[in-house]
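Presented below are the structures under discussion, each in the form of structure tokens.
You will see two complexes here that share chain A, one where it goes with chain B and one where it goes with chain C.
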Partner chain A sequence: MRGDRLMRDSRVLVIGAGLAGLAAAVEIAGAGLPVLVVDQAQAPGGAVHRQPLPGVRSIASGMQRRRWTRLMAQINAQAERIEIRCNTRFGGMDYTGDALLTGDGRALMQPRALVLATGARERVQPRPGWTLPCVTTAGAIQAELKTTAHPPYGRVLLAGSGPLLLAVAAELVRLGRAPVAVIEAGHPFSHPLSALRLPASYLIEAAGYLLRVKAAGVPVLTGAHVLAITPSADGLVVRVNTPRGDRSFGADRIGLHDGIAPNDAGLPVDGPVPVLRLGDCREALGARAALADGRAGGGRLAAQLLGRAAPDPSADLDLQRQAQRRLGAIYAHDGLTRLSDLPSDTVLCRCENRTLADLRALGSNPGARGLRLDGRFGMGPCQGRFCAEWVGRLSTPAGLPLPHIGSNRWPSRPIPISDLVDPSAEGLEP
Partner chain B sequence: MIAQVFWNGRPVPFCEGETLGSALTRAGISDLGRAPTGQARAVFCGIGQCQGCLVRVGTRLTEACLLPCVDGLQAEPDAGGQTDA
Partner chain C sequence: MSDRLDHDVIIAGAGVVGAAIAWHLARAGVRVAIIDATGPAAAASGASDGAVSVASKKPGVMARLASASLIYTHDLAAQGPLQAAFAARPAHIFGSGAAELAAMDTLAAKLNHLSGRVRVVADGGPDLLSGLGTGVDRLMTLEGEGHMPGHKAVRAYLAAPGITCIWPAPLLGYEVADGFVTVRLADRTLRAGQLVLALGVSSPDLIPGLPIVPRAGQLIVTDRGPVGALSGSLTAAAYLVAKTQDGAALPLLPVVIDPLTSGQYLIGSTREDHGDPTRVDFATLRRLLTRAATVWPALRDRRVIRTFAGVRAAVSDSLPIVGPLPGADRVTIVTGFEGDGICLSALIGREVARMLCGLSPDAALAADLAALSPVRFSKNRIEGAA
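Right, the complex of A and B next:
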């Protein structure tokens, strides 16, 4: 890295231009401190408010659009103190406080504080065939819909568990491509009383999705699990186990989703400057909580940096935590117990192509070191983001803590050497 | 002139601001080659986390789902066996 680009910076560096990161930026800038927000995407928005491509109509709901417009107005009101750089990736912060940014906003800088607001990742349980092309996360389908307002090609099937499946199904219906089926592992509709204790906004949203999906005649199978996905002459075949026996569906595109978790793999825990995790990156509680947490955390950080008294904690977060706990109970299912019944050649680690048989060959309770060094689980480019949870559960006897397979390392993500040595290497990307 | 990128030499149109992953998906191209482990390369998470959609652009591997399309961009499957230049 050329020395002339290393600079001590008076700014607070915020990673992630989604709800949490931008809400934090508004608070920090509002206290008079300059902020640099970076995001790896082409536009601010994060997963929830992913923006349509230029000239494409937004498929966001009125509520979503109002929330985003309000937040961007607050950002714009602080424009002189907030800079947003997109197509810029965070490579990590080392023990000296150097933060590495690559892409359009590439720099090696020493920020005054670091706010990590990288949102959530999707949890996807391994299933036979989950590594085939055209099998993606449900979130990937949703991102396509939000950016292009265009449904994917052919027959779409959604499977796994959680409210996102119905949300994506409803969006597909609205765009004229009703999914062939929604395969939900839980029994969310058999808990009417506990469902009613959710905040009204959750219920209204969910009811809207369900009505639209049902009206389109989409089969929503509950207590159902994907047994296997196999290629066929014309696409994919999904074998599904339901309480009433097994069924098969043909599909061209499959969206899998088993909930969300913090997208925190490889991120620094602390450093020589304050490091703060906000929103789903710290605790996966969804959009409403991310906004509240970003705002509260930004205010707290600004007070800390300026030597002022910390503001009162927000009650919003507890409300959202309760709501998410309730949602978790509504969607509870036995999917995890099915992990150990998977066929032994099921791929667990997508990066290194490691299977359940490979895991069992490590013996009982191999621990994080054995899993990584002998098993190569969590050692591939994704660093365990998509396998660590399942590998940990499968290899650890009940009652023992799960091994921490992903590690907080520098850099946080694979970075081409050319990005580090020669800034002009960016010219390789036309 | 329609703006286009090239996948393995095949022209693929794209919209302004679109990522390579999105343009390829819309063109019906889902198989992005093989990783050195033999695993199929394809878009999975769509947001730069899984590294499953690594493709070769010039001398480097990069996530198709994050790479913005630029007119004339040439991308191809990873030849395999190499992790990066």
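Right, the complex of A and C next:
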């Protein structure tokens, strides 16, 4: 039955060639251990340092470029111990310790340890029309800008909450396509004293974005929420609720963003070998923290594998955690309480096309099994990665723990069967 | 029955068998409650492939009972609770190599002998089924079998009026005294005239010594695609060997490809002696998928979105355990279906309800039902609660 048991690989497998994954790889390789880093993208960089397509100029800032150049120099200095495979997806690690990789770096291997550095995912709260074509996340627009240095077609509107909205807006302005509006649910400019307690680098960055967006005359509405997105003869119409009444905007492309969360759906929690989550994948604290956490975690893992004393924990991380907490307070808003006021035909689970009405038909507090088996929430290809949070909140009476409708077993992402079948086997052995 | 009782009958375990018993009792006017540690269809019933199959049953007692249950399931679907839960559909069996072909001969002979609702409507080469890939020497198509997802069946049975559902409520223990059973839950005790333990793989927790072991099977769910490309389940003949000849060396991998009404496929399955529903491994899944995609190449265009292991309750002699618990008056045990509960639930539900109402079983089935009695293990120290 298990004639095809694998030999233990001597390498540490790192999933994600972003800041956290690469920083960890540098530390692990620096301690003398071989590392295989895989990433689903065409080039290393992760979300923050996403690289332009060949022949496209980079739109990264000077600060970003310096950070990336420094990190890649450290990787190159360890080149004989670090292999980076791009266009490669992590399928998961099973209870025997087999790790599945698909794509260019296709393999079934038993790594010495597993580092998960898959970054953050964007949260997008359901709203009427959020599943329409040309409505994406704000991060997806940013990724497009970074890879193509070219703004999307037509009128762009950004909505939701968080510092990313202004960052994307500023990049759009710089590329000559000022967004028609930024719709921010929070009141970030009403907390000047809290803002002053943020690290200076945060403030300088944010002030730069805001100045550029304001100078371009982009309306930035705060305390404002998207009520509905509807298709129209010439694109999309966005109806917005503001403290001073409702307004409408026409748009061709909409970027939604309601903050970030660890991109950890379906990832193993532990295994027969050490499993470590680093950076935003463990705690969504942003780029600066990812770098610090990657370094510290990589150093800890290497010490553990080599039986050495663990290095001192990094104080940097606490600093970033504090800053993120302040940012959270600055951007605080009542968006969540608006969830239950959504029209009943609002789609919650886009994979299985399940609406708020379908959820309510399950009765009060249906629990995880009822939501999944009877409601089919979280049963599609994303397995709840995107809807679990909202479905959980909407289906659970206040005060009760949220049901766990997401999946924490592999595949962490849909895996093509053609990638799984054994190319060498006849498939007929017992 | 007496007013001193909260319920005439309490059923512990809201799987498909417990739910079927509850429905039959409620219909007979019995005040019935069903309790479950988690909720409806929380274990094997919810993880099943939903096959209502006579073909896969061991010849003899199991095949005869399954055949009778299939006929009754068709009745309950035609005008009864299973209308929306059960769907008749063909079953395709394929084989390659001498051992699988022989297993198909045995199957044809068994079905002929049963003369039930299931009959062979086609038997020949791989060209009988369009879309079939390579690695098939013989294909046999059966009619009369069907498909019934466990959670749908449980919901359908329990939707009937007169059934009290209590969960999550683990059964902590029970005592039989003074003409009733006292059932202990975390937050209360309930009195009933009778207790039915339909706890599947958890049965030994309440009945120490019961020869039940967990037997897990790895399952794969794909994403959606065109509905109806495959008209019914596509089962390797090795699966019949695995299910009908215990411990037999399998000629080939016992894969089952099950098209769901959603346009997804469910692909299984193994038989492994453990009870961990999260234990799946790439090497095994790769082998299952390799044979599945060789035989049904359309799978190569699909993606795996979910995997899990269903845990069946297996009995040492491969027969379910159904009947009054020796040494514990007023307690009936119904367990050990090892994945066959979906198929047998209708019949077992009806017969256990008759048993609890003091009626004698259907004469044609009496001997086969008697073979399921737990008395066959009384030497092994199974006993009711002290």
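Everything that follows uses one rule, which is that the second predicted complex is superposed on the first by the 414 of 430 C-alpha atoms of A that agree within 3 Å, B and C clash if a C-alpha of one lies under 4 Å from a C-alpha of the other, contacts with A are read in each partner's own complex, and residues count from 1 in each chain.
Definition applied: contacts are C-beta pairs under 8 Å (C-beta built on N, C-alpha and C of every residue); 3 or more make two chains touch, one makes a residue touch a chain.
What you are looking at is a predicted structure, and each value in this text was computed from that prediction instead of being measured.
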Partner chain in contact with A:Tyr153 - chain B first, chain C second, else both or neither: first
Contacts of A:Pro416 with chain B and chain C, given as first, second, both or neither: both
Contacts of A:Gly367 with chain B and chain C, given as first, second, both or neither: second
Partner chain in contact with A:Leu327 - chain B first, chain C second, else both or neither: neither
Chain C versus chain B, contacts on chain A by residue: B
Chain B versus chain C as contact partner of A:Thr96, first or second or both or neither: second
Partner chain(s) touched by A:Gly380 [first = chain B, second = chain C, both, neither]: both
Partner chain(s) touched by A:Gly139 [first = chain B, second = chain C, both, neither]: first
Overlapping contact positions on chain A, where the chain C interface meets the chain B interface: 380-381, 414, 416-418, 428-430
For the chain A and chain B complex, residues of the former touching the latter: 40-43, 47, 53-56, 87, 89, 121-122, 131-137, 139-141, 143-144, 147-148, 150, 152-153, 263, 265, 347, 350-353, 380-382, 385-386, 414, 416-418, 428-430
Complex contacts: residues of chain B adjacent to chain A: 15-19, 22, 25-26, 28, 30-32, 35, 37-40, 42-52, 54, 57-62, 65-68, 70, 72-74, 84-85
Touch list for chain C against partner chain A, complex: 38-42, 46, 96-97, 135, 151, 155, 222-224, 238, 249-253, 276, 278-287, 289-291, 293-294, 299-308
Interface residues, chain A side, partner chain C - complex: 1-2, 4-5, 91-92, 94-96, 98, 100, 108, 367, 369-370, 373-374, 379-381, 383, 407, 409-411, 414-418, 420-422, 425-430
